Amino acid sequence: MQFVKLDFEYSDDVTVINKEQFDVHMRLYEGYINKMNEIDALLKANTGVKEANATYSEFRGIKRGETYALNGVILHELYFENIGSTNNTPNPQISQILSRDYGSFDNWKAHFVATALASRGWAILCYDPRSDTFRNDSLDTHDDGYMAMSIPLLVLDMYEHAYFLQYADNKAEYISRFMDNIDWQVVGDRMELLQ
Amino acid sequence: MQFVKLDFEYSDDVTVINKEQFDVHMRLYEGYINKMNEIDALLKANTGVKEANATYSEFRGIKRGETYALNGVILHELYFENIGSTNNTPNPQISQILSRDYGSFDNWKAHFVATALASRGWAILCYDPRSDTFRNDSLDTHDDGYMAMSIPLLVLDMYEHAYFLQYADNKAEYISRFMDNIDWQVVGDRMELLQ
Amino acid sequence: MQFVKLDFEYSDDVTVINKEQFDVHMRLYEGYINKMNEIDALLKANTGVKEANATYSEFRGIKRGETYALNGVILHELYFENIGSTNNTPNPQISQILSRDYGSFDNWKAHFVATALASRGWAILCYDPRSDTFRNDSLDTHDDGYMAMSIPLLVLDMYEHAYFLQYADNKAEYISRFMDNIDWQVVGDRMELLQ
Amino acid sequence: MQFVKLDFEYSDDVTVINKEQFDVHMRLYEGYINKMNEIDALLKANTGVKEANATYSEFRGIKRGETYALNGVILHELYFENIGSTNNTPNPQISQILSRDYGSFDNWKAHFVATALASRGWAILCYDPRSDTFRNDSLDTHDDGYMAMSIPLLVLDMYEHAYFLQYADNKAEYISRFMDNIDWQVVGDRMELLQ
């Protein structure tokens, strides 16, 4: 099975990033797609399987690349999918669910923004089945910090490549404009799948 | 919601580790349970939310601990659950599925063992919905290397604490005895949920 | 002892980055200075010393921040110090030394550029006293990958914040212009200290 | 230049670990020596230099292994060198220096023990030339957390492999017995080199 790039079109509804920042981000995403195909071909050929070692081995290098590139593919797709709506209102059900775990929707929002500010990779609102709660997951890289078995609902890229071309070091502004450009319909659809 | 330790009983069917190694591992698992309750109380009290920062902040420390401890809880529970069967035969459906992606069950097994030898934390057979394939996930810590959205089916703890008391540095022997003590019924049950 | 920001002035001799990219990078460097003072004050007050724990503890969070911010300070200072010369010729002694370990100066250069392309944080030419050789150190973050006891001679920032504002994802171009803007006099001075 | 294993002999003066724990630890150290020779041969042959990439590439895997194995070699040598003295008294100069930065020798000791308890890899007392202070460095792996340009003076291995065979999960006891078995003469000799 080959990885194929999904199509994401820039439109006027995307207010969190401009076309230039969007285009360069798309190229990086495509890079992860290509790397996954390279990695899967190496695995298919059983490269280095017999000399596997945890200090250094070619197989170890491939496996480290696999989780990094695969999560790079998946998280970017979720991110591009959940931005671009000018109707920035969560439906009542979402507000209610987040209020249950955070006291209020606004308090959840404060936690999510704080998670973004504290993270070097990604901030993800997810459902954690182990505790039956909604958590704001903090990742430092594509594959460092993902919560096991969690279902991602809202995904925010906090890598410097996601905002630096447009915002430089003003990450607070980037986050603020992301919060105003969430496609809550997409988030709601993902929540539907939980039930 | 409070985290509560699940009960795992040692029995003669557990051949991969002896009672002493099992008991110490149980105490470490319980430590993660307790840490999650400590962390959730801090989050509930909105500790450090207003001073979040990605270089250093109290909130950042809490969030890093959250993914580490939560995955520590979840992966240990999956691990203890999928060991301890003396009937070490995967059902035909599992063999067939893994043969599809790896050429043969034996080749999958070679890949899984190599993944364990190449990993500093965990080896996990999981289903990756993005590529509709079964992958052997390599983790270096509880929260470094988990594949986004993946469903874990078979979980092997490769932390030194999992085997060192009994096997010292003979990790190949530990892995070999794990492969002979997998509860394939549990793995099969987890696969059922995929359909 | 308080950390104080060193002065680095932008000049026409700095060709690897423009003034805008330089200024934003300076602000990030200043952020690490401030964080170190915050962290040192917490340590001075013995914050969390009694509840130290490796899964999660406030003390652990402080210590993780300490290595990250401190290396952020040190490596940025070395980087800003070793760029900005239009006389881009290593002195004969440097060429000779690198030729000893890499066959030729050009082959060392190929390795250094490859190290930069393979790294998510920093590329550093350093002296490794353990093997009495010059190594190209690859770091993924400020504090992930630094070689113990090594002496840094040439430091290149490969964080996305170092080039993205000016070069977007064209990191090869950034590296190429860095290689043409090295202050080899500074590198030579650092080598002098080795003898 | 080939890496050659240094000789460390077990004696009755080593009270922090028994002979069995010592021997297995020696084998792991030897593994890092061997891996460095393997890695240096790959680098000498310019393996993968032309296809270097930061997501995945063979060269990247080699460079990650290089810092991990090299630090594994260096830190283990420093550790084995600074244990095994029954005359557990720091000389007055060391006490005085640490008192300057920590208020008292006992407070430094509390910080060092806390650093060990908070670390997943190593605790190191080192001299930081940037701030002209003595810091307790916390590492999570061989190459994650080392302070740039620092000079290590006292090194404690907190990997589970360092104590688990003898102490199981009782790491507090291991640390306590380490503190009573430090060779302060060695630490003093390393401090001499600073002046």
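Which chain is which? They are A, B, C and D, in the order written, and residues in each are numbered from 1.
Assume contacts are C-beta pairs under 8 Å (C-beta built on N, C-alpha and C of every residue); 3 or more make two chains touch, one makes a residue touch a chain.
Just so it is clear, the model here is predicted, and its values are computed rather than measured.
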Which chain lies the greatest distance away from chain D when centres are computed from Cα atoms alone?
A
Quick check on chain C against chain D: do more than half of the interface residue numbers occur in both copies, making it same, or fewer, making it different?
same
Taking each chain's centre as the mean of its CA atoms, chain A sits from chain D at a distance in Å of 36
Chain A and chain B have mean C-alpha positions lying a whole-number Å distance apart equal to 23
From the mean C-alpha coordinate of chain B to that of chain D, what's the distance rounded to whole Å?
29
In chain C, the residues touching two or more other chains are 53, 57, 60, 64, 66, 120
Among line, ring, star, complete and other, which one matches the pattern of chain touches?
complete
Where on chain D is chain B touching in the complex?
20, 24, 27-28, 120, 140-141, 159-161, 164-165, 168-169
Give the list of chain D residues in touch with chain C in this complex.
1, 3, 36, 40, 43, 46, 48-50, 52-54, 57, 59-60, 63-64, 66-67, 70-71, 73-75, 107, 110-111, 113-115, 117-120, 128, 130-133, 135-140, 143-149, 151-152, 158
Quick check: in the complex, which residue numbers of chain B touch chain C?
31-32, 35, 38-39, 53, 55-58, 60-62, 64-66, 68-69, 72
